[in-house]
C-alpha cells in the first residue's frame, strides 16, 4: 500500500477541486454541491465547451478551464465517470444560448453519463452536441466493440475546439473542428510502475522490478504487452512506430507532439523521451512544429508516459497557437 | 532498485538538455560541449542572469531560461554542482557588457564552483555579481556553519530578478532586488518516498511503508524528523507553521505561495495540499496574492512536496507579475 | 410491501459494501478497479436516503432508487443500474407480485440496460447475469412452477450466468480493451448483478 | 619521476573507481550520495587524459591534474581537490623529494583546500585527513626520521584522521545540514583523501 499525501480517501476529489479553485479564485468558480469547475465569467457569449471524466487525471480536466479552452469541467470520483446531474449543472452554468459542446473520452461510463446529461439539457431547450475522443492506438478498433480509449489527445481537442469557439464559430463549426482533431490525433502509453486508487488497498496492477507494460490505459487498465524494461529510446521508438503506422503519419506531415507524464514520472525522464521522440520523427522526415512536454493527462501516481501526435494543417496550426490563458498548454 | 525511463545513466544530463532544447529550438540553444542552455537571442542588451546547479531538479534551471527570467542555465551532473569551466562559458555567452548576476543555491559545491567561474570571468574583464539563495528553514542558520540550503525559493529569485533585469536595471540594482527576494523567501519540504541517483543501485535514503520525513532537502539529504505518515492537512500545517515563524510572516502580510512537487507527486495531491495551505494562511490573516502549484524544483522521482512563501511589497508584486515567456512560471 | 422492498434495498447495500473489495479486485483484473467502490458508494448513499424517508408506493421507491444511483454511482454501472430501476418504476404496481408481473419487471430492467449500454447477451457484462435470470423466470412460468421454486431457479440461473462470464471475451465496457485477454476473468458487473438478485430473492423466497 | 607520479595518479583512479559504491554509501548517510560517483567520474576522465599525454615536468603534470579534476568532478570535492593540486603545481619541482619539500607540498595542498572551502580542522571534512597527514610529516621531520618511516607514519595518521571524523559533528559541507545527526558517520571526503594518500604512499614507500 503506497503512501499518499491526502486526507480521507473519500474527500480527494472535492478537496483537489477546492484547492484548484482557491488558487485561481479570480478566474474560476466551483458550483455549490458539485465537483464542477467553471470560468468565473461564465456564461460567455459564445459556444461553450464542457468536458470532464473521472478524477485522477489532473491537470485534466479542471486545469484546462479558462479563456481559449474549456468553459466547465466536471470531475467524477477517481477513475469514475461523473454523474448526469453534475454534468447537467455544468451545462446549465455555461450555456449562453449559443449551445454547448461536450468533449467526452470514449469510455462506456463517460459516454452514458454525458448522454443522459445531454438528454436532460435538451429537455430544457439547451442545444447540445457531443464529440467522443478515441485516440489510443493500443486498443484495437472495431465497430462491434466499445472502440478505442480516449487519452491524452483529448487535451488537443480542448485547445483547438476551445480556440474555435473563442473565435465566435457556431456550435456545428466547433463540433466539426473537434471532430477534425479527433480524426488526426493518435496516442500510446507505457507504464513502469502502477497506481493505487485512494480507497483501494492494492495497486490496480503489479509490475515486477524489471517489467514494464506497453499500451497501458490512463486508469491502470492492462496494456497490450508486458516486457522487460528497455531503454527509453527503444520504448519511444516502439510507441511512435505504432502511432505513425495507425493514422498513418507520413513523410512531410507537420505534427504537434505531446510527451505526457503519467503522474509519477520525473520531468528529467520526460525531457529525455522528448529528445528521442523529436529525433525519431525528424529521421522519418515528419516535421515537429510544436512540442508539449509535461503532465497533461495523468493517472494518479503511475510512472510512465504517453506520446501523442496530432497531424496539423494550417487551420489546426492557427487554432493550436491561438491565445489562451491556460499556461499549462500554451 | 526502482525503474527509470532513461538510457545510459551517464547520459541523462546531456540527453535531457538536448530534449529540452530540441523542444524549444526556436527559443533556446545549447552550448557545444557543455550542458549549458542559453537564450537563442543571447547576449541581450541588459544585465544577464545565470543560474544552475546539479541536475535532477527539472524544470530547474534550464526550464527557466527565456525572456523575463534566466539568460543561461548550467546543468551539472545529477545532484552535483556544475564545474567552473561550464559556468564560465555560460557567463561569456550571455554577457552583453552590462554584467552578469549569478544566482547560486547555497551548497558548498555550488558556491565554490560558481566562485571559481566568477574569478575566471573577472580576469577577462566581465563584471560579475552573485547572490546565494538559502531559503530552507529546515536547516538551522548559523554563522559558523554552511548555513541554509537553497531550495524552491530560488525560482522566485529567477523570476523577480529576471523581471528587474528585463526592465533595464543595472547590475547593482538587479543584485539588490535578488537579495530582497532572498531576504523575504522561506521554504520547507517533506518526502514520503525517496529518490535514486541514476547511477546508484539504491535510493539515497529509505522510508518504511508508513514513514515520512519532514525537512528533507532536494538531494535526498536527510531531513529534521521522521514520523508516521499523517494527513496532508496536518503536514501542510506543520510546514507552514515553521515557515511562518521563521521570517516571521505576520497578520496582513501579502505573500506568494508555491506548492512544489518533488518529482513523483501527482498533481492531485499538490492541489489538495494547496487547498489546506491557502485555508491555513487565510486563517492566519495572511493574504495569498498569488499561488503556484506544480513542479518547479524537483528531486528526481522523490515523492513529497515543499511549500514556499515569499513576502511581497508593491515592488516585488509588480516584478512577480511582469511579463515572461516562461509558461511554467507565469 | 413497499417497506419490505425498502428493507431488501438496505440489505443489498450491506451486501455490496461487504463485497466492495471483492468487486474491486475483479474489476482490477479486467477494468479499472473501481466497481466495488462505485457500488458501495452508490448503495451507501441509497441506504442513507431510504432510511430517512418513507415511500407510498413501489413505483415511488424504485424511482428514488434509480435517481439516487444515477447521481451517485457514476462509471458505467451507474447509468445502467439507474436506467434499469427507472424502467422498473414505470411498470411496478403495489399488488402482490405474481410470476407474470415479476417477468415483466425483469424484462423492463433488461430493456433499460440494453437501451443505455447497447450490449447483447454474451458480451461479458451484467446482462449475462440478468438475461438468464429473467429467462429462468419465464421457463418456470411456462412449466407452471410455483413462485418459491421459480425464485430458487432464478437465483441459480443468475449465478450460472455470472460464472459463464469467465469464459467470455468482452466486447463492451472497459474489459473490451483487453480483447482476448479478458477471457478467464469473471465480470464485475455480472457479479454485482448476481449479488443484487441473490439478496432480493433471499429476502423474499 | 614525473612518470612515476603519473602512474600513481592512474593507480589512484583505479582505487577510487573500486571504491565508488563505498564512497557513495558514506555520502548517502550524511550527504547526497554522489561522492563516489563524482570522484570516479573525475579520476576516470583524468586517467584518460594522462594516458594519452606525456608531461615534461611534475608541475605540468599537477596542473593538468588540477584542471581536469576542476572541470569534471563538480560538487564540493571538485574545486577543493582541484585547488589543492593547483597549489601543489606551483611549488613542486623535479628534484628528488625530501621530507622538507614534501611538507611544503602538503602545506600548499591544505592551504588550497582552506582557501576554497574556508574550513578548519575538526569540521568533519577532508581536512581532517589532510591536516593530520601533514602534521605527521612535520613531526617525523623534527624527530629526524627517515623518509620511509615518515611515509608509513603519515599513512597511519591520515587513516586515524579519517576515522576520527566519525565522532565529529559536521559544520561545513552538506553534512552540516544534519547538525548533531551527522555524528556517528565517517566523512566521505576524508575517506577519499585517505584513499588518495594511501595509494600514493603505497607507490613510493
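Some points to look at:
Each chain carries a letter (A, B, C and D) given by its place in the written order, and its residues are counted from 1.
Operating definition for what follows: contacts are C-beta pairs under 8 Å (C-beta built on N, C-alpha and C of every residue); 3 or more make two chains touch, one makes a residue touch a chain.
Everything numeric in this text was worked out from a predicted model, so none of it was measured.
The minimal number of chain-to-chain contact steps leading from chain C to chain D is 3.
Taking each chain's centre as the mean of its C-alpha atoms, chain B lies 32 Å from chain D. Distance between chain centres (mean CA atoms), chain A to chain D: 55 Å. Taken together, the touching pairs link the chains end to end in a line with two free ends. If you check each pair of chains against the touch rule, the ones that pass are A-B, A-C, B-D.
For chain A in complex with chain C, the residues that touch the partner chain are 54, 76-86, 107-109, 112-113, 115-116, 138-140, 144-146, 149, 197, 199-202, 204-205, 217, 219-222.
Contact residues on chain C toward chain A in their complex (touch as defined above): 21, 24, 28, 30-34, 37-38, 41, 70-80, 116-117, 171-174, 176-179, 181.
Within the complex, the chain B residues that touch chain A are 1-8, 12, 15-20, 22-24, 55-56, 58-59, 63, 192-193, 209-210, 212, 229, 231-233, 235, 263-276, 278-279, 291, 293, 295, 298, 300-301, 303-305, 327-328, 330.
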